[in-house]
Amino acid sequence: MTEDGPDPRESWQAPERQRRLRRRHASERRFRYCGMAAIGSAGLALLVLLASIASNGYGAFLQTQIRLDIDFAEADIGDLRGLHGRKLDAAAARGDYGALVRNALREMFPDVSSRREVRKLQGLVSSGARSILRRKMLEDPTLVGQTESFWLPAGDEIDMYEKGHIRRDVPESDRRLDDREISWIDALENSDRIRTTFNSGFFTHGDSREPEMAGIWGALVGSFLTLLVTLAIAFPLGVAAAVYLEEFARKNRWTDLIEVNINNLAAVPSIVFGLLGLAVFLNFLLLPRSAPVVGGLTLALMTLPTIIIAGRSAIKAVPPSIREAARALGASPLQVMAHHVLPLAMPGILTGTIIGMARALGETAPLLMIGMVAFIVDIPQGFTDAATVLPVQIYLWADSPERAFVEKVSGAILVLLAFLVAMNGTAIWMRQRFEKRW
Amino acid sequence: MPDLVTNLGVEHAAGSLPLSELPKMTARGVDVFYGENHAIRTGALEIRKDEVTAMIGPSGCGKSTFLRCFNRMNDDIPGCRVTGEICLDGEPIYGAALDVVQLRARVGMVFQKPNPFPKSVYENVAYGPRIHGIATRPEEFEEIVERSLRRAGLWDEVKDRLDGAGTALSGGQQQRLCIARAMAVDPEVILMDEPCSALDPIATAKIEELISELRGRYAIAIVTHNMQQAARVSQRTAFFHLGELVEEGPTADIFTNPRKQRTSDYITGRYG
Amino acid sequence: MARALDPVLKELRELILLMGGRAEAILEKSVRALVDRNAQLADEVERDDLEIDRIDVQVDEEVLRVLALQAPVASDLREVVAIKMIATDLERVGDLARNIAKSAARLARHSEIPLPTSLVHLADGACGVLRKALNAFSECNVEVARAVLGADDAIDAAQDDVVRDELERIAENPSQVSLGVDVILVAKNLERVGDHATNIAEDVILMVEARNVKHASKLAL
């Protein structure tokens, strides 16, 4: 073997080489550490955020309840036995269920006499107890004249006290509850008449002035209806637009212009869409304010660019060999699209749609512009009823002064985050599931 | 000594030859432009029934482009312009009279890289008849699927997994599936664009055998960069170079005694 | 573009030319043995023919290799096939020369009997066409090849002359019948050498022009 130049094996051991090698390894390590540090700090920030929200909000899922023995005295509520339908509803509406509560409380604490103290005593139980008792009466009119014991929701300040937000060791003048009220609470505790339990009402009640009765059900229904409208409008339009732009439109300056504009629209601040919705849907088309129809239309406009972009990219990803094979068999362009391209592109399109929907779920600004700020108590029944959506509900509660709403805000945020995580998770799962199909 | 002049320059007077002797497809004076690029110059060819016509030539000389003119696949390429006359059974295929969709049912194509649909084997073969309305009842579909797969020599290998994915087959099987798919619509001509170049030698041999068997039923044109394959499989060979048809004739003549120096240089390997 | 086939073809051509040279030499040696009545030369011819046979085997192997591995086409294919056919003809020429030498050895013992001039004439003709045919191959010259084809009739006529004359002489001198037979055998072998030269010329025409002119007179009917 001829020798041409220094033996390569030797120079790999040279100290110069070794030094350079060490430096290379060191810079690799540094790069890796930078990456890990970046991820670590992002993760830490996320963790802190979630922890603070969770610690604030877990209380929303708990409710303090007081057990009262209610005497359904005929004198207060009338005789509802034997009545049905509308007659029953009308008769029930006339009853004074507050009196039932008051009587029950006075019986438990007979030594309360002064009017101020009596009013404070009433405050032990939530005003929402009245409608609970009325509902019980509607369910079972034979309760008239009988005495039953029920767990009824406590007032919001009792709730706060039980959850530890009002502390007894603070001087009385700085507390929301005075010593008398606290002694009542102690008495209730001693007789096992007070408990803190899972707050199912958070998920089944609509909004309310009383924090302890407030729930997100109305907002959830509103969000659902709004997103339904958004999906029904944005999905077909978006897919059709993506198909047209990708397959049938001729490639000229107009299509380039359209493409640039769609990409820009995807980045426009959402409040602009709210202004558009206000101007066109409300002022020009005179659609009902604060209805899911209008909210859905506005959010559809906002989601459309996302779906179009995702759709185009999914359609572009379908291998041209499949299209060629279909065309060579004699399929028309529409058949190629419907039988081959769309089914293969659908996972990508759906992923983009879900991501768009998740974004729409969390949008507040455009919906504020079209008036979904009102205080809506009734659960919306249809697309034209006034409604609110979850993020707006959170915003409204954050505005309220009562201490009890603070935890409700965080609780609602947790529910919203759960939905967003679920939707994005579904999108990721779908993408992975359908990725290697060909 | 056999006469080596081709028939291309000879005009057939109307009615002078019975239909069975007219070439199935003829191309005359075909020019193909990709934008400014003049890809094919005065291309001409005849594809006859009972014959395999091979097109050979160096890479990029336009054989595939020319082949794709016969089923108007170049229509789908933006900026591509085709002039000249191409006829199927005497009818010009670029005229208004013949519908593209119908043309492609009569002139099928098999591509270089096997491209079965990501559907079941059954659906792959049944797709063509379905969109052309050739079959309507399930029994008709089943019959067509079995017949096509048998003709492609694939039936025994897939009859137990007709519902399995077409893409789960081996490369050679996939290509035979594509051939079965093309045959399912009962075409008159089958165009093959380097059908074996993505396959291993055994799969290639099977496909070549299949082509020989199919010769009697369809008019077949095959583009290949493998001269040995052209020599083995075809009865007529056309040599393309730089977008021009240089020489055309019976395969045996082309490979024992080509007339043009360019042809001889190419097939003896004096230039690639 | 240099091809893998080119050096192989070159080697084959050189082999054939070598074989041709040996064939020419062996033919001339056997004729000289005949004319000079030299029995020793006759023995040498025996050994020379082995050499030709050895080259023939080599050509066989090379041709098989080329066909299997290189799959030549067109002019290359015709050349390879022609080379194989020419090798066969040259090998036969070697055998014919050996036969002539055997007869020459026998005739050498009776040097007093003169050889007919027509035989020498025939021998010259045969050597001549063989040389011409081999030249035609090495130059790829179809005119020379055609000239060889044309000369075949003359060779045949010369052979007829020798045989006729010799038959007459035998009739006049019956005691010399075995010598006469040898003369006739030599004449026949020389005529066959001429035929092989014709074959070689036909192979050259096939190689260069892709025309098959073999058996033309018979097939023309």
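Going by the order they are written in, the chains are A, B and C; count residues from 1 in each one.
Keep this in mind: contacts are C-beta pairs under 8 Å (C-beta built on N, C-alpha and C of every residue); 3 or more make two chains touch, one makes a residue touch a chain.
Here the structure is a predicted model, which means the values were calculated and not measured.
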Hopping only between chains that touch, the fewest steps from chain A to chain C number 2
Centre-most chain by CA centroid is B
With centres defined as the mean of Cα atoms, the chain at greatest distance from chain C is chain A
The distance between the C-alpha centres of chain A and chain C, rounded to whole Å, is 105
Chain B to chain C, mean C-alpha position gap in Å, rounds to 51
For the pair chain A and chain B, the C-alpha centroid-to-centroid distance in angstrom is 60
In the complex, the residues of chain C that touch chain B are 1, 3, 5, 71-78, 210-212
Residue set of chain A touching chain B in the complex reads 250-251, 319, 321-322, 324-332, 335, 339-340, 344, 437-438
Residue positions on chain B within touch of chain C in the complex are 1, 227-228, 231, 255-258, 264, 267-272
The residues of chain B that touch chain A in their complex are 71, 73, 76, 78, 100-105, 108-109, 111, 113, 115-118, 127-128, 131-132, 167, 178, 181-182, 185
